[in-house]
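Step one of this worksheet: look at the structure below.
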Amino acid sequence: MKKIIVPLGPDHPLFEEPEFFILHCDGENVVDVEWQAGYNHRGIEKISETKHWDQVTFLVERICGICSNSHPVAYANAVENLLGIDIPERAKYIRTIISEMERLHSHLLWAGLAGHFLGYNTVFMWVWKYREPLLDMMEMLTGNRNNYSMIKIGGVRRDINDEQIKALRKTLDTLKTQNEMLTKVVLDDPVLQARLVNVGVLTKKDIKDYGAVGPVARASGVDIDVRRDNPYAAYSFIDWKVITRENGDVFDKAVVRLLECFESIKIIQQCLDRIENKKGEILNEVKEIPPGEGIGRHEALRGEVFHYVRSDGTSSPIRHKIRAPSYVNVPTFKKSCIGQTISDVAIILAGVDPCYCCTERVSVYDANTRKKKNVTWTEIVRKSQEKTKKLKKS
Amino acid sequence: MNILNVVLLSIVWSIFLIAAGLLILGVERKITARLQWRVGPPWWQNFTDIIKLSAKETSIPERANRFIFIFAPIVSFLGALAAGVIIIFSLLYGISFRGDLITVIFLLTLPYSGLILGGSSSGNALASVGSSRALKLTLACELPFIASLVLIILKSNLSTSIYNIVNMQKNTGINFFSVSGFIAFFVAFWGSIGKLGIVPFDLAEADTEIAGGALFEYSGILLGFFKLTKAVLFIVVPLLLIASFFGSFNVLAWILEYLVIFLLLIIVKNTNPRLRIDQSLRFFWKVIIILIIASFVFMKI
Amino acid sequence: MKLNVLLKENLGNMVKKFEEPADKRIYITIDRNNLLKCAEIIFKNLDARYVIASGIHNENNFEMLYHFSFDKDGVIVSLRVYLDKEKPEVESLVSLIPGIEYIERETWEFFGIKFLNNPNLKHFLLPEDWPEGDYPVRKK
Amino acid sequence: MNIKTRALKKSLWVYHLSTGSCNNCDIEILDCLSPRFDIERFGMVLVGSPKHADVLLITGIVTKKNLERVKEVYHETPKPCFVVAVGTCACSGNMFRSGYNMAGPLKNVIPVDVFIPGCPPGPAAIISAVVKLLNKLK
């Protein structure tokens, strides 16, 4: 049978970002997958070497829009690891609150998008409606809906006051009931189960081979979570548990994410209890970064973020290595996609919650193998502008 | 009625079909939006879309087969329109001929054929995946749809004229209220969801999987023709169901029955995710086939 | 047994330098030729999780760091390997860890470090027509 | 204003193209669809193929690998079409300006009609910019 090649990307409505998967198909079945990356590569690791230590927090924030708190936390952890310092207790709680709120909004975002990919737009709209108040809370706490700029080496930039805590509690309570409903809908819907159960299964061995992390690993029964294994911020002071499932299919990944939302709500509520009606320092001023190297980790929404920094005592890092969770999660598609159908590839890739901005921190294929046109680019632009003018006049 | 009148009336009714189809699609979008806590577009949105598309440039890909690429949307549009006009003529004016039901069934396969041809002629991988899905789907959903209509023909003493079928139900009772008729209606309803290409069977266009699928390369007025086809089908297919299963000669009843079917369609659309192609095929070949056989077994009841 | 003792015991005299600059961070310097053996001991025998590898361009040499995580102890173990300045080459770990393919390709195009026996050493993040010999993350 | 322009104003189909962004602008664009902002009120729909589009919402610095692709998409889009640069990255390059893989900003690659600065611009800002675009249409 003749194989057909289906390009998935670079600009596929499935992905928010440009990314290119070439599916070698036999009818509707996928027999091989190639991954072409680099459409999003911006060279952040190199740019980081030209910025001041404090500026780098803003730079890493812009690695990825959804993990815009995870990377700064991991980076700050790395620098603090290099310095060997601790941060004030209140700052720890605030970091935890922001991190968990980010996790909540990202998991909801994922659930909505997953619905969207399945052509289930009602789920998409409802979930995104629930997510909106969270973004309002973020705006209230940090001043921006995304890109929060809360983290600073040695602490946090802004404090949280008691009025904000009250408003936050209210939002979380409504969110909890909404999330309960959503979880029920997902767990019980027979059509969703038909689409998700036993699709894109990853075994424990696959997880180890590719080093996958986060909800992807936890859905396959690999019990890892940096928040518990190597606690930072306030995670060691708080009572919560790691969610794991056994099957490793897309359905389990969805369940892990939805159940994690409840844990996040629990964590935030406990943190709020500890900082309410209290005052305290939020920043340990850091003046100089001595020579040395440090590693910082953070359990981001998609898994472990890993930052390695090296200093030679000057005002900017001489090497800054960033490993986003998607960098190890996405390659698992090689195991999970092959043998599935084209329709499933969409949801399998979505199940990983890929984030290519993260993956290519540091970064025309003619998808239709069309013949090259012998017209120069300026010619085309000129022609099209003329036509636009003409149409505007008429 | 002389030939001139017929021509004039068909033009008038064609325009009505287009307008009503666009309107009902607008209503559909509005209701969907309300279900999703949104305001939604105004009711005339689809008219604006079509006018806009007609003003846009139509680009034809270099690798495409020009002839098929251009004619596929036109043929599917005309097929849907002709089917609609035939049904309306036999319902309203009693102008009917032997075998017009068969003609309508044939004409209603044209829209999908157009989609398949158009998709596969455009020389794009995503479009060809879309049309191969459309092909599989049409094979799956056409059979139950036709089979349920064959049952109606059998029930109406082998009459293949829509007028006769409607007329006969006056004497023998409405088909929908017999056991076999009810089952056949259920079958035809799912078949028509497949024919209309709405969720859960919108695999051929699946925006989030294969980016518009068979329509990927279409732009401008040619895309507009596909949109119009869909709008006309939204009127014609339920109308055919009404004629063969409810059959009355009362306009008010028709409108009510239409609205009921329309509501059912919307409910199905908004409470289901898109099915995978093999799941859709399994649904049609296993579940629906059993129902068809059941309806034939209970034919006399 | 404590992890640092366990590591020293298992790696034996392949360890050139053993550093613990901070709590739960271990850096082990080894010889370039022992890399595959050490990585196998850590990844297979001690059941660590592969995290990432990072290349570094120093003044006099290149450096590769292979980070492994022991999740039960929460410890990061980094294997440090120094490479030639003129001809940076190191054994590829693809046969051991399939997921390492992408970072090796990336390091190759950023630093010009060659990974012997990596079957797929071609451009990954940078465009295909990127000028040869131009390694963007190297120090100027 | 004739009927065609009027129809165009009331029925803008949007194609969203990311050319090396951080995802934030893209999420905010999707947010425009969500119940709170609901741009479908104005007849705007997000489409999957550039062939169906009237407006290209482009986010991100243009990376070298994306350069050809951006031009191709712009060429494929049936005219008249409008290009909107969403976010500071697309407008000027933001902090990635000094990076080695930057080929943009967007205005150097294709003609841009509207710039929306902000990192990221909120959905409200995006909608207001599109309204400005509509007013520009005569």
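In this document, chain identifiers A, B, C and D correspond to the written order of the chains, with residue numbering beginning at 1 in each.
As a convention for this text, a residue touches a chain if its C-beta (ideal position, glycine included) is under 8 Å from a C-beta of that chain, and two chains touch if they have at least 3 such contacts.
As the structure is a prediction and not an experimental result, all values here were calculated from the model.
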| item | value |
| --- | --- |
| Central chain of the complex, centres being mean CA coordinates | A |
| Between chain A and chain C, centroid-to-centroid distance (C-alpha), Å | 25 |
| Inter-centroid spacing, chain C versus chain B (mean Cα positions, whole Å) | 61 |
| Whole-Å gap separating chain C and chain D, where each centre is the average of the chain's CA atoms | 41 |
| Chain D: positions in contact with at least two other chains | 4, 35, 48, 65, 79-80, 100-101 |
| Residues within chain B bordering two or more other chains | 36-38, 55, 57, 207-208, 211 |
| Two or more partner chains touched - positions in chain A | 13, 38, 41, 43, 46, 125, 129, 363, 387, 391 |
| Graph class of chain-chain contacts, one of line, ring, star, complete, other | other |
| Interchain pairs in contact, sorted by label | A-B, A-C, A-D, B-D, C-D |
| Residues of chain D defined as touching chain B within the complex | 3-4, 7-8, 10-11, 13, 35, 38, 40-43, 47-49, 51-52, 54, 76, 78-80 |
| Chain A - residues contacting chain C, complex | 37-38, 41, 43, 45-46, 81-82, 84, 208-212, 224, 226, 229-231, 292-295, 297, 304, 306, 308, 310, 319, 321, 323, 327-328, 331-332, 360, 362-363 |
| Chain A residues touching chain B - in the complex, by the definition given at the top | 4-7, 12-14, 25, 27-28, 115-123, 125-126, 129, 191-192, 194-195, 341-344, 346, 367-368, 370-371, 373, 387, 391 |
| Of chain D, residues touching chain C in the complex | 64-65, 100-101 |
| Contact set on chain D toward chain A in their complex | 2, 4-5, 17-28, 30-31, 33-36, 46, 48, 50, 60-61, 63, 65-69, 71-75, 79-81, 94-96, 98-102, 110-111, 119-120, 122, 137-138 |
